[in-house]
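Chain lettering (A, B, C and D) follows the sequence in which the chains are written, and residue indices restart at 1 in each chain.
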């Protein structure tokens, strides 16, 4: 059942984390097969009086266990077991939504995504459905250091048979998550730290943002800034800066990292002839490289300048603020990259 | 206590075991003749386990398997012609030729797939058991896996979860004494893998994996417990891999007499036959009739498979995603 | 049988425990004042374990730790001033400000690092034990980890390997009743995590983690076994996390009286003090003198840390590779 | 101790697998800290009479346990435990060489590479040494199907702090492996199925091929074909084909995927102005994308044509021969891509 056609209510400004919670609540209410699993998502079942569950490390699932007591499952700290079981549950009739606390923990549970969920349909002759969603927090900026700050979505986006999406704002987060949960394919849903507690307008009610479609979030004619997740906000800030110098920047929000909306990228390149791609991840084998490679392949005739990648640095995420700031992309670095193309 | 198998159960079981044996004997011949490729792992010697466990299962129960999956597939009712066509890489194969030996699955039959990753089937079955519990299907999920797989983290995490949630799951460890080319005793410090259930306060059982009747009884108990809501079990079946780890294995690492002893004295089909005829449960002619049937079935499967068409290279990207708009999308 | 701790051991142990307590009390204050950032997990309540285990270790022994690593670092001899500077993100920090709380390591002291990945320290210690065994260093390796970590596959795989190879390793599970915001009983189906040693035929012990003397005795036995070539042990220490999971934890999920009971009756420092003074092992004035020393040390560490320089942004790419030619190379 | 200066002996034609074995033997003989660990690498220790160890699934380590009985260790099927222990051993004084049977199994043991080995030095303030080598078989072509045929080197190459190398021939395999083992950083050493049993000339004795240096293996002037591992042979075959049509193709063998020899790529692009990169891996977040992105960034002024990526298809590796062939890159596809640029 697609809810895309349902009338979505009035928008209110709420943080992305709340928008995600809203999507979970709607998905669970509208489909009894949707279950949530993860560490502390319920927080220990029956609680002594005077205590409450915390609802996951980001408190996103707080209150859900009360509403859906059988469908919000605390798990042991067993990511491989959880994800593997989720795949098994998905192919046998449930529609599991997993909370993988930080995407950095992919190292403990890659196989169910790499070799199971993503391959079943194809490998079994097009016959399986794997309606699995993995929600996971990505990104740096909170001094969470090398093992809790990575943007490893390139690892999931590179796996055939897996979809990876990343919202840049609360409204998209809600709609993309609803689309992900209702998708019959496995989807990794990234929750960038940089936007999780930022509020923006979110429509009430049930609506979906389609997977695989990028969105132009600012029109411009001199240069295209292609962002994803938290870097969209950086690109918009850079665009505002550039405008002060009379440079008109278009900003494209990829929203979906796999499948990639190649046409939207080529269209914006066609309008501006110049492109900077901004990626919170490290540069090698990145979404940024894919976008650049697309430009020099199908977009070659549209190019008036080099394609620049503004990414994290090719090193582990440093703890101390001064290095973490130098590590991450920033509006200033985007402006500098864009200016150099003009 | 499991009730003794009925005549019908015994007939089906013998047919299953014989089909597995004949199917795989055919594969070995085909590989030797250079007519089949890929990585093939045979189940010969272990047939009683799949047959006895699956004798307690219906189509709404689920099974997750291993790289050594032909036996589990056949016992769970996957069509043998489709399987053979799959190994030949044909469009008519169970997976349209895309999966191959290590990836035969038939979700409609409750077969969650052979699996090329050691240990990976264990969490899959755990998830199927979770579905059964939450959706109250009355179903049970069984994970088959080897002694070697019990050294994987996925084993530990899954059994722990199943015990915590009291899932309707049965974990069947087929301890065949070897993991590839290394003896089990060299990498498992406990005598019985069943001992590992203690780490999860889980019910444990040990069966003689060469004795259909023993496996039938123990698996019956474990599955009844699971179905009745009493939670999961770990069932260890002591068995032996008669042939090499894979078809083509030079077998230089294993003392010849070790295998010979098992093959001569502990062949599950021969033990079964001796007992059913001795106890008058099935007759010699019952068995031979099944043999004839099975031989015909396997021959037919081979004949059809090799005449079946290959998939078309143009279909390479079909079936990656369920949402067709994204097919082949990057 | 471990010999009872000498006066010197007791003095060092008390100093260690007090240093951990004061160091972390300072952190909590600093965070409250908004002077420190990052993810900080305190060891308050569990001090007796690190102090007692490390009392048996020398610099050639190795320790692998967890996200809750300050106590292990201090007990293993990592410089407190460097640690504080690290938490302030300064160039003078143990890791030059690059690691932060979850990544303090000092290989020269045998401290293989705090670790942000639950369970990841367990294989690291196993590898250190392998080095000790193969290079015959006489060393022992200890992995500290929580009850929650015992549900990770890495725990299972590592203990199995250590048992197979009879490594000089001790696996110290600090069972504090909680994994983040979930009670242990909800995710671990056995009463004692020590029970899990049976899966590997491994020696197991249980200690009262609030009682320095008990941990000292049990850890002494386990470490002596390891050092003597008798193989690894799993030592479970029953303990409690006095503060939140992390500094800033609202603690809404835990009944207040639960923590209060532990804090009032089972504080390891108070239990230690009561016993050593009662038995005349150390005097009240011994202890107070140490308190004064420690307070000065921690205050000095804070003062120096906040005056120390930050690293230079231009050094961002330094130290990625040992082979300098590739520094910053893509 | 670098052996690069030792006189390397006469070359003989031996299969890559033997060259790898030779490197292992030399490394172990020359350094008592080198140990081998993996599944079946020794094959169960003391054997009953009349039996022999198989020496790993590809028989590469056969015979080594006899020569170095304490230093060739069979492990349980516990990849996470093995790799994690190897990291612990590496930082405490050993120099472990791990056999990860197939790179597809990375799904079971990513964390020790992603969050431990690669990050220790940086995260610990530049103070750790992690001399760890992971040998692993990559690639398709043997009908080993979806879970035993992947070319996941993009996943390791994308991780900061980790090096990834892939030889295209037996001589480089030996020299690169010796360099990897003696490197104080963690290195993933790929053993492509397509070259493992192909024989070519290998010098005797001890020598190293430096990590981080690509090599021009064929000179040409019209188009550059950039390959790695098994695709170098495909590129050479394509070049021979193109030559028949009067097209002069240069072939660059990357050898090192991380660090990437950017200068060598830009140099060949500078000579030809046209580039095709050939990668056995799937296209997204790939080495191929990185090479293309480099060309459109630092190499923009050198470009006379689009950069084409000839890669595997964006789907799991199919079993049946006809689909597996369509899935993989091939000389014909390279020729076609190159011709379209002229």
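Criterion: contacts are C-beta pairs under 8 Å (C-beta built on N, C-alpha and C of every residue); 3 or more make two chains touch, one makes a residue touch a chain.
This one's a predicted model, so the numbers in the text were calculated from it and none came from an experiment.
Peer 1: In terms of contact pairs by residue number, which of B-D, A-B or A-C shares over half with C-D?
Peer 2: Residue-number overlap above half with C-D among B-D, A-B or A-C: A-B.
Peer 1: Relative to chain D, which chain's C-alpha centre is the most remote?
Peer 2: It is C.
Peer 1: Just curious, how far off is chain B from chain A if you go by their C-alpha centres, in Å?
Peer 2: Centre separation, chain A to chain B: 39 Å.
Peer 1: List the centre-to-centre spacing of chain B and chain D in whole Å, with centres computed as mean CA coordinates.
Peer 2: One centre to the other, that is 35 Å.
Peer 1: Could you give the separation in Å between the centres of chain B and chain C, each centre being the mean of its C-alpha atoms?
Peer 2: Roughly 45 Å, centre to centre.
Peer 1: Which chain A residues touch at least two other chains?
Peer 2: Only 75-76, 78, 80-81, 104, 107-108, 111-112, 115, 119, 122-123, 145-147, 160-161, 258, 260, 283-284, 290, 313-316, 318 qualify.
Peer 1: Among all residues of chain B, which ones touch two or more of the remaining chains?
Peer 2: 93, 95, 97-99, 103, 115-117, 151-154, 156-157, 160, 164, 186-188, 320, 329-330
Peer 1: Flag every residue of chain D that touches chain A in the complex, lowest number first.
Peer 2: Contact set of chain D toward chain A: 80, 104, 106-108, 110-115, 118-119, 122-123, 145-147, 152, 154-155, 157-161, 258, 260, 282-290, 292-293, 295-298, 300, 303, 305-309, 313-316, 318.
Peer 1: Which positions of chain A touch chain B when the two form their complex?
Peer 2: My answer: residues 33, 35, 70-71, 73, 75-76, 78, 80-94, 96, 111-112, 115-116, 119-130, 160-161, 163, 183-185, 211-212, 258-260, 262, 290.
Peer 1: Considering the complex alone, what residue numbers of chain C touch chain B?
Peer 2: So the residues of chain C touching chain B come out as 151-157, 160, 163-164, 186-190, 195-196, 198-202.
Peer 1: In the complex, go through chain B and note every residue touching chain D.
Peer 2: These residues of chain B touch chain D: 37-39, 86, 89-90, 93, 95, 97-103, 115-119, 148-149, 151-154, 179-183, 186-188, 250, 252-256, 258, 310-313, 315-317, 320, 328-330.
Peer 1: Quick one: in the complex, what on chain A touches chain C?
Peer 2: Against chain C, the touching part of chain A is residues 39-40, 43-45, 47-54, 57, 74-78, 80-81, 104-105, 107-108, 142-148, 283-284, 313-316, 318-323, 325-327.
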